[in-house]
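Look at the two complexes coming up: chain A is in both, with chain B in one and chain C in the other.
Entry: the complex of A and B
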């Protein structure tokens, strides 16, 4: 069972194209190519222009503290499908740590490089706007470094021994010198400390724009902040924009207001403990998050779930997609001015799906249902019948009804068609994924491009819309709901009997050393987990490729030139969830 | 129709006027009106906000309690439902929103995170409960609490309102209308302005330890 996962053969020989530069990653359990940092822009440009790897999936850092080096990992894919390619750049772990930026080649790296700078302190030379992204400017330290300890730090691996000494609980506050979850640098004197304006860097970056004044009127430009408390930002998301009259000339999203340190906590949890935390990433689609995480760890452990579990997984993931898209449709039309009415229609159906989740997993939203090698328990009695009733009878009818109300609506059409356009080329350049990418005319769906689980057995279409505007992004969600209904119908018909776990359930699973990147087509886009195991009970590196976060890279370019009232509609059409954006 | 609960016992109301007339105290009818029209602030932080939306939808129907009018502006709201994880980056804004709300105001901490940090308590950017910075009236446990649990918490707010009196409530007395909570600062870490004098000695002690 615990045999090391076979190292997948590299997709092709990069060292033939770059002799003496690219060398295969030979560490046991690893794959991909290691290149010197000086050659990174050259290799990245060749990957995009010559070799067809036009899609940068994710960028992240890894802190190899014992080896004394930092690594930046890049994952590339082709939008025509097929396996990916990963590049690694290793640098010594001495400040200043510098790696050339690839934003000019792959603009989709912009926010991700900022995140690596924020959390690892790796400086990307040539990045157009290298500021902290999740924490605030002025925060001390780079939290994801392995030698950075937070205030409540106790041990490297959970469960902490101190948690229940002789059955008595000690609050974490009592163990810190400040009696709170704070820590300050040595000799910090709050009385003499002069507060800096944390917004200075933001407004500085915002002011770097060029605009042609065609009217010659020379209007004064104003800065407008929307959020973090605003009804149309879908949570605690903030947008800072500069307006010329009503037209947006410069825009920066500001995030991190819900940064709850998912990755730092995840690197201390055991593998199984992370499962309920993944529920809280994209809290509208917890089953999909479970799916991605379970797949990745299974890849490392080299196990496969039994047939029945695979069917149940697919059913749950597709039901999640439907409930998420219903919420997205409701929220977008809410932003377009329909107020709460369409939301009431979609929430009615969503509640019925949540009823099934509650019966199956025990919780409406935070399902925590998947395990490594299967699912935690079998479907309760009567649930397949309930699913059949919902998916054969009610749901198709109700989706048609909701679409009929919205698709020909005058306001939806005039505010949606031709507004907030993201072209196909831009969608790929900005690493957009999911419905955002497909509404721009790129038929890229992980379920078809690199089939996982048992998706290759089902008959469904990859939905595409050609125009890339707000209206298409609304309509593609209806299309996808229909395809998901088809998949659930096929799965519930073909549901085999049998066990739902391939291995004996265990609290601490044994994961062989190595790295794995597993991805699923989540409701919001490509949801990936990048996990490095060193054979210990908890992962050495646990990174989430969050689709909402990376889809936001294209938000600024989409909005510039639009009116400020369309900003909320564009944001609603991307469909973000802040739990996933900020993690 | 006048609900029976409004009537003070011991007064005789003629049978023909029953249902139209109530003999009651000023406190009781005033609180009755207030408790049935609590306007929450439209303000969601994280996962719990989704359950708050579900509570407002048709199945759970928050309108039964007169609370369906969610106001995006703190100036018009009576109740702040802190629905989700409170982070250090967000807490200055939450305190500011609280200060902008007019009295009488109530705070409901929804879910484990808002009550005490929850599953993310150990995180470096997480505040261990919103009650470190603003006073909380009702805590609703759960991760996230179901809409039923939220409604139960709202009924507890109503109970609290019914127990108040015009004579004793602070905001009907002479003096400042509302109490401002100090807004924490974002420095090398979150700085609670009430603890500034304590930070230097504690930082030294932490160094020695």
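Entry: the complex of A and C
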């Protein structure tokens, strides 16, 4: 919702339960609770067991360089719905920075704590496997710290002064020739350096599993790497697994091959410049990314888009969900060995949706269509009719056909039913979201749990499937497509006339100081943006809660005990996009 | 898996494929060759009523791009009475400041006598390899001077650094690729000029 003022009363009084420990965050524009780091495990356990905040949405760090502080921010929700609770731990900015890990209480924090360690250099004591996750082992420095500078560093924030009025084009690679953009630590001699095996830590972590062998026969386990270049990993993604015969006994995903430090770029950019960059996160559903980002900044600015813009936004977000799910269905069946037939059938329908995006936003995938306070432009002539034709006449029929094509197919059923099961408890524990969570029987949908925009006006159901296996995760995407078609039908029928921007379009926006966490139900799950403004043209902290990344936390546990061939199907059923995983 | 499998589901799947296969030829017959390499055939294939073969055989066939389609920007110039190029750009620098990947470089012209800036760029570079086609420059240009192009065939053997000469295109080209936008902007500019002229008369 874009309405509430940035300063809002805490939804829940934590200081009553923890007197003297939890104190409200009183900085202007901030909310939530600050606790000492020693009490974190105790408070986290109470939140989960006593107070019902069973879902850890995201963990991230903030570097307050001028104040000499580091902060770790935790955001909790209840899977029964309602507002969230944010918890902050502040530590002095002096290495070694240590904060207790909460992985034993919320296993969903595993990858996120690794990310905070990697990018901020905050050590989580008690973390079972604290390695770098996005950068490689041996990387020097922690990139999201404010005093860390990248190889082609020019200035702290854009726009760069070298562009105008005395701009002369110089290719970046000429300014910093290869070899000159490297800095070595003091006393480092590259000639004498013998690197440690970079995979040692990974294989060491992989090898920590319990051997359960009832036969008493000694069998040799083998390490198998799938990817980073492998057609079934949906991008540059690697899976390292230990196999006992064909059975997976231990598995770790390895990511970061597409890492470009999106968040650092975001902190160099002005608020508006970030909009096209969000397109490139989950590039299959850019409209949804735009939505989440626009919503968060609007929360900080305390503005609300006009009615017509809200309807257009909802339509676009639901259309992007359909196109994303069609792609997910196609890719998963492709992984199951159906080759290209279902993939091409679903791509055909996706193409028609992308045609609408192209006519409306100017680009098929990199839409860049949302602005703070509305959308770029009104729907061009003839587009509402085109949407009506597609959503009332063609798509419902075609989705039925695609479901008839796949749902009863014996190969799909035998590869899917009972395979790669994620139980409801585990789905919550591992912070799974989106179709992955709902296919495990948890009817949690941000559009209903904490309605944003105008979703409270539409009639749709939160899809849920009980079994949590690959087949359910495939079928729930059909269910969700049908619900999205319903929403688009209602929105296009009720589309009001009027302006599409609440404020005068401007390339510089004034964002008051404060923090905001905005989230939308993206096609892949809860897509959140955590933004801290200090009143300057660029955000001080810009964090993306990427659903693909956090959904991967449950990938390992889902695969243990499966055959290696099912690994591909399990990964396909999670539906990841590496642009978002690696950021 | 416990359930019995008789292959009925697979037959059902195959029947869907068969239906699609037959549809292809039925639709081809109905259109009698007009379905391919004709503008109406391409439009039909990509419409809600399209059945059968969906693919467009690029580069022999091309999907028409919608008006709002955006690709690497270009600079608009008006043609003077003697055919000289009057750049709309005043080198105010808004496009280079709003550009997210910072791919626009502008050198402002200064009067050699007074040292004051002249509203016409001396140099204007866009590194098309860095440009992310977001369209923010065109969106926030107050002079309708920089616009997004429709020409998406930019493959080359070297780097695509476009200078002022390569970027400049006439206003007539802009009106041709974006008629609705151009008409609206021309009307707005005319109204503005009329408003500026009005107080003088009054």
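The definition used in the following text is that the second predicted complex is superposed on the first by the 558 of 583 C-alpha atoms of A that agree within 3 Å, B and C clash if a C-alpha of one lies under 4 Å from a C-alpha of the other, contacts with A are read in each partner's own complex, and residues count from 1 in each chain.
In this section, contacts are C-beta pairs under 8 Å (C-beta built on N, C-alpha and C of every residue); 3 or more make two chains touch, one makes a residue touch a chain.
Values in this document were obtained by computation on a predicted structure and should not be read as measured data.
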Contacts of A:377 with chain B and chain C, given as first, second, both or neither: second
Partner chain(s) touched by A:161 [first = chain B, second = chain C, both, neither]: neither
Which superposed partner A:578 touches (first chain B, second chain C, both, neither): first
Which superposed partner A:397 touches (first chain B, second chain C, both, neither): neither
First, second, both or neither for A:276, with chain B first and chain C second: both
Touching partner for A:229 - first (chain B), second (chain C), both, neither: first
First, second, both or neither for A:504, with chain B first and chain C second: neither
Touched partner set for A:187, first chain B, second chain C, both or neither: first
Contacts of A:348 with chain B and chain C, given as first, second, both or neither: both
Touching both chain B and chain C, residues of chain A: 276-277, 348, 351, 366
List of chain A residues in touch with chain B within their complex: 134-136, 138-140, 143, 150-153, 172-173, 176-178, 180-191, 193, 195, 198, 228-231, 235-236, 256-261, 264-265, 268, 276-277, 280, 283-284, 327, 340, 343-344, 347-348, 351, 364-366, 578-579
Chain C-touching residues of chain A, taken from the complex the two chains share: 158-160, 162-169, 171, 269, 272-277, 341, 345, 348, 351-352, 355, 358-363, 366, 368, 376-377, 380-381, 386, 389-390, 393-394, 401, 404-414, 417-418, 505, 507
In the complex with chain A, residue positions of chain B that touch it: 42-47, 49-51, 53-54, 56-59, 72, 84-85, 87, 89-90, 93, 97, 113, 117, 119-128, 132, 143-144, 146, 185-192, 195-200, 202-207, 209
Chain C residues within the chain A interface of the complex: 1, 3, 5, 7-10, 12-13, 16-17, 20, 46-49, 54, 65-70, 91, 93-94, 96-100, 102, 104-108, 117, 123, 125, 127, 132-136, 139-140, 148, 159, 161, 180
